[in-house]
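Taking it in order: structure first as C-alpha cells, then the write-up.
Going in written order, the chains are labelled A, B and C, and every chain counts its residues from 1.
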Amino acid sequence: MASNPFSAAAVAGAITQPPTGRDYLVDRSFRSLALVGAVLIIALMAYILYEIGGQAWPAISKYHIDFLTTSAWNVQDGVFGILPVIWGTLYSSLLALLIGGFFGLTVAIFLSQDFLPPRLAFVFRTIIEMLAAIPSVVFGLWGIFVVIPAIRPVANWLHESFGWIPFFSTSLSGPGLAPATIVLAIMILPTVAAISQDALNLVPYRTKEAAYGMGATRWEAILKVMVPTAAGGIFSAMVLGFGRALGETMALAMLIGNSNTISLSLFSPAKTLASLLASNFPEAGPIEVEALMYAALVLLLITLIVNIAGIGILQVTQRRISGKS
Amino acid sequence: MTATQTIGSAASPKGAAAPSPAADVAIDCRVEKIFYGNFLAVRDSHVPVQKGKITGFIGPSGCGKSTVLRSLNRMNDMITGFKLEGHVHFMGQDLYASYVDPVVVRRYIGMVFQQPNPFSMSIYDNVAFGLRLNRFKGNLDDKVEHALRRAALWDEVKDKLKASGLSLSGGQQQRLCIARAVATEPTVLLMDEPCSALDPIATRRVEQLMLELKDDYTIALVTHNMQQATRVADITAFFGVDISQGGRTGYLVEMGETKQIFEEPREQLTKQYIRGEFS
Amino acid sequence: MSEARALQSSLLTVGAWVVAILASIPLFSVLYMLVFKGGARLAPALFLELPPAGFETGGGFGNAIVGTLVMLLIAAAVCIPIGVLSAIYLAELNPDGKVAKWSRFLAKVLTGFPSILAGVFIYAALVLAMGTYSAIAGGIALAVGMLATVVLTAEEAMKTVPRKMKDAALGMGCTRTQMIIKVVLPTGLPGILTGVILGIARAAGESAPLLFTALFSNYWLSSLREPTASLSILIFNFSSMPFENQIELAWAASLVLVMMVLVFNLLSRLIGRPKI
C-alpha cells in the first residue's frame, strides 16, 4: 500500500482515500499494455516487411533485378519475370484511376456543393457508401455475368471498325482489361469521392463567398476557386485511390484473364501482381512460391510508396488549409 | 513535470515540511514562477488560502488567476511544459514534493470547473462517482442524497436520479458538479469561474450555495466578475499583468479582506481595475 | 451575367447529374442481380447443406457461413483488444509522442494495404509454421486487415469525448486508467463500436486474405486447425465453374454475404453517427 502524505486527514469516517496499491498497479499495467498495443502496430508493419522480404530473399538472390525486367513465367524451367505483370498492374490501375477519379471527383462536387436538397444528398451518399461495402468477389461475379456480356458487342465493334488504333487492336473474347478496369473504377470511386469531399468541405466558406461576391457563376466558383483550393486533398484522394487499385485482388483475378502479355489493347487479357498471387499461390510448389514472394514484395513496396505519398500530401495540405504552419 | 509521478515509498515527509504557516491557512501557496515551456506565466504570488473562508481571485484576463488556482490541485500537470518554482503547502506537505502523487492531491482538493462538466451518466452515478472511486463502504444512497441536498439540487432531481446528468439545465449541471465534488467531503474546494457559463438567476443560486458551503469547506474562487467577489469572497487576491518583459506575466498585486481591497486598495493598479479603467 | 456563361453553368450541372446517376447504376445492377439470381435459389437447404461437387445438383453452403462467422469471431477477438488499447494510447496517454506518431502514421498506411498481402504475410508467418491452412490463420489474416480501421476510428471516438469531462475525472482524483475506464470508454463507446463493426463488415466481405490462409473445405468445420470454408472463397471458386448449379449457388452466397455486410454496416450506423 502506498503511503498517504495527507494521513493527517485520514481520520475515522473520512471518505477521501488515496488510491489503493491495487489502483496503482492496475494503472501502471494498463498504461504499459496500451503502449504495447501502440508498439504492436509498428512491430506488425516491420514484421510484415521482414517476413515477406525474408521469404522473397532466395528468389531475389537468384533472379536479381532481372525479375522485374523479363517476361517469362515458366515453373518447369524455373524462369520467372514479372515485367508483363507490373505493366498490367500499372496500366489497369491508371485506366481505373482515369475513370474512377473523374467520376469520384464529380460525385464529390455534386454532393458537397449544394446541388441537392439534403434528403436527396443523403440518398446519393448512401448509394456511394453501399458501393464501398460490396465485397470484391461479388463485384467479380457481377463483372463476369453482367459487365463482360454487356461490353462485348461494343468492344468487338470498336475492334472491327477502329482496330488500327492500338487501344482496340484485339477483340474481347471474355475476361480482359476493359471489364477489369470498369469494375476497378467502380471500386475506387467511393474512396476518391469520400476523400475529395472531405477536402472540398475543408475549404472555408468565406473563400466560396468571395468567389460569388466577384460575380462568379456556381461552376466558375467550383472550378476556379473550390477545386484549386482543395487541389492537394483531391490529389491525395487520387493517389490513395490509385493505391487501392494497385492492391485490389479478387475482382481482378476473376476478370482480367490472367495472361502474361503486354499490350496497349483494352480488350486484351492481362495480369496484375495481386491477381498473379491470387491465382498461382494456392497451387504453387516451393520454387514458384519463392518467386511469388518476390512479386509480393514488389507489390508491398509499390503500394507502400504510393500510400505514404498520398497520406503525406494529405497531411501537408490539411495543415496548410487549416492555417497551422 | 509530468502527471505520471508515482507515489514514493514512505520517505519521511517531515524533511520537506512547511515552515509551519499560520494554523488558519488551509493552502499556503508560494509561487515564485510558473512556466509553460519557456513562457513565464506567473511570478511572485504568495497566496495563503484561509481555512473556512472564501478566497476570491480577481484580475484582468491573462493575469494568471486560473493558472494559480489550478496549480493548487496540480491540474496544470496535464499541460505539457508546465513547471512550477516555489511551494504549495497543504496539511504540512509540499504538494510539489517529488513523493507526492497529483492523483492523491486531487482527491483531497476538489474542483469545480468553468464549464459545467457532468459525466454522461445518470445524476445518481455522477454524484456517486467519487464515492465509488474512493471505495466508500457505507450507504451510497444516503451520501448521494446528502450531497445533492448540500448542492441545493435534491428537490429538483429526487424523482429522476436515473436521468442523464447531461439532461439538466446549465445551472443544474453546475450544481450537480458541486454535489459531485462535495460528495467525497474534500478539504478544499477550488472553483474556476463556476458561474461564467450561467445565467444571472443560476449564478445567484450558486453564489448562495458557496456561502452555505463555507461552513464546512475552504473555498478558493476565481471570478471575472467583481460584483461576485464582493458578494461572496471574504478575502480577495488581485492579480495584475506585467508586460514589461515583453510577455504577459501575471503576478499578485495585493491581497486582503474583500472590504479593504474594494474600498481602500493600497495599490494604484487595484484602484484603477476596480474603477473599471481596464479589464 | 452573359448568356453563354449561364448556359455553360447549366450544362455542367446537367453533366454532374448524369455522372452521379451513372455512378449509381452499378449498385442497382449488382443489387438487381443479387435479388433475382441469388434470391431465386434462396431456401433453408442453402444454410443446412454442404457445397455440391461437380455434376451434383442441389447443395448449399452451410459450412461456408459457419466458417466465415468463426473466422470473423477470431479476427474480432484478436483485433479488438489490440486495436482499442493502441487507440487509447494514441488518443489519451501520449498522443504527441514518437510512438504515437509512428503507429498512427503506420495505421493510416495499413488502411491502404492490399489485403492479399495480409494473406501472404500470414501464410509466411503462420501457415508455414503450423504446417496447415486453418481457421486460426484465416481469422488472424482478417484481423491484420481490419486493425487499422478499428484503431483509427476508436482514436477519433475517444478524441470526441470532451476535454472538460476528462478534466472532471482527473479533478476527482482518478488515475489516468480510472479516467479512461470510467469516463472515456463509456462515453466514447458508440464511436468505438462503430469502428469495430465497420471493421468486421469489411472483413466479412474479404476473400484475398483467406485464399491461402484458410483455403477452403467442402466439409463442416470440426477444428480450428484445419482448412476452413468461407462464403467469399466459395463465390470465387464457384464463379469459374462451368456448371449452372454452382453459378446459382455463387449468386445465392453473394446475396447472403452482401446481406451480412449490409447488416453490419447498418448496425454501425445505428450505433454511431454516419460518416463520409
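Everything that follows uses one rule, which is that contacts are C-beta pairs under 8 Å (C-beta built on N, C-alpha and C of every residue); 3 or more make two chains touch, one makes a residue touch a chain.
It should be emphasised that the depicted structure is a prediction, and the values quoted were computed from it without experimental measurement.
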Query raised in the report: Farthest chain from chain A, comparing Cα centres?
Result: B
Report summary line: Comparing B-C with A-C, the one with more C-beta contacts is A-C
Report summary line: Taking each chain's mean CA coordinate, chain A and chain B are separated, in whole Å, by 52
**Report entry** Chain centre separation (chain B, chain C; CA means) in Å
**Finding:** 48
Query raised in the report: How many Å are there between the centre of chain A and the centre of chain C, using C-alpha atoms for each centre?
Result: 15
Query raised in the report: Which positions in chain B touch two or more other chains at once?
Result: 103-104, 107-108, 134, 184
Query raised in the report: Which chain C residues reach two or more other chains?
Result: 173, 175-176, 178
Query - Multi-partner residues of chain A (each touching 2 or more other chains) - result: 19, 24
Query raised in the report: Which part of chain C faces chain B closely enough to touch in the complex?
Result: 96, 162, 164-165, 167-176, 178, 182-183, 186-187
Requested in this report: Sort out for me which residues of chain B touch chain C in the complex.
Outcome: 3-4, 73, 75, 78, 80, 103-108, 110-111, 113, 115, 117-121, 129-130, 133-134, 177, 180-181, 184
Report summary line: Counting only contacts in the complex, chain B reaches chain A at residues 6-11, 13, 90-93, 97, 99-101, 103-104, 107-108, 131, 134-136, 143, 183-187
Query raised in the report: Given the complex with chain B, which residues does chain A contribute to the contact?
Result: 2-6, 8-9, 14-20, 24, 28
**Report entry** chain A-facing residues of chain C, complex
**Finding:** 1, 5-6, 8-9, 12-13, 15-17, 19-20, 22-24, 26-27, 29-30, 33-34, 37, 81-90, 93-94, 99-100, 102-103, 105-110, 112-117, 120-121, 123-125, 144, 147, 151, 173, 175-178, 180-181, 201, 204-208, 211-212, 215, 232, 235-236, 239-240, 247, 250-251, 254, 257-258, 261-262, 265, 276
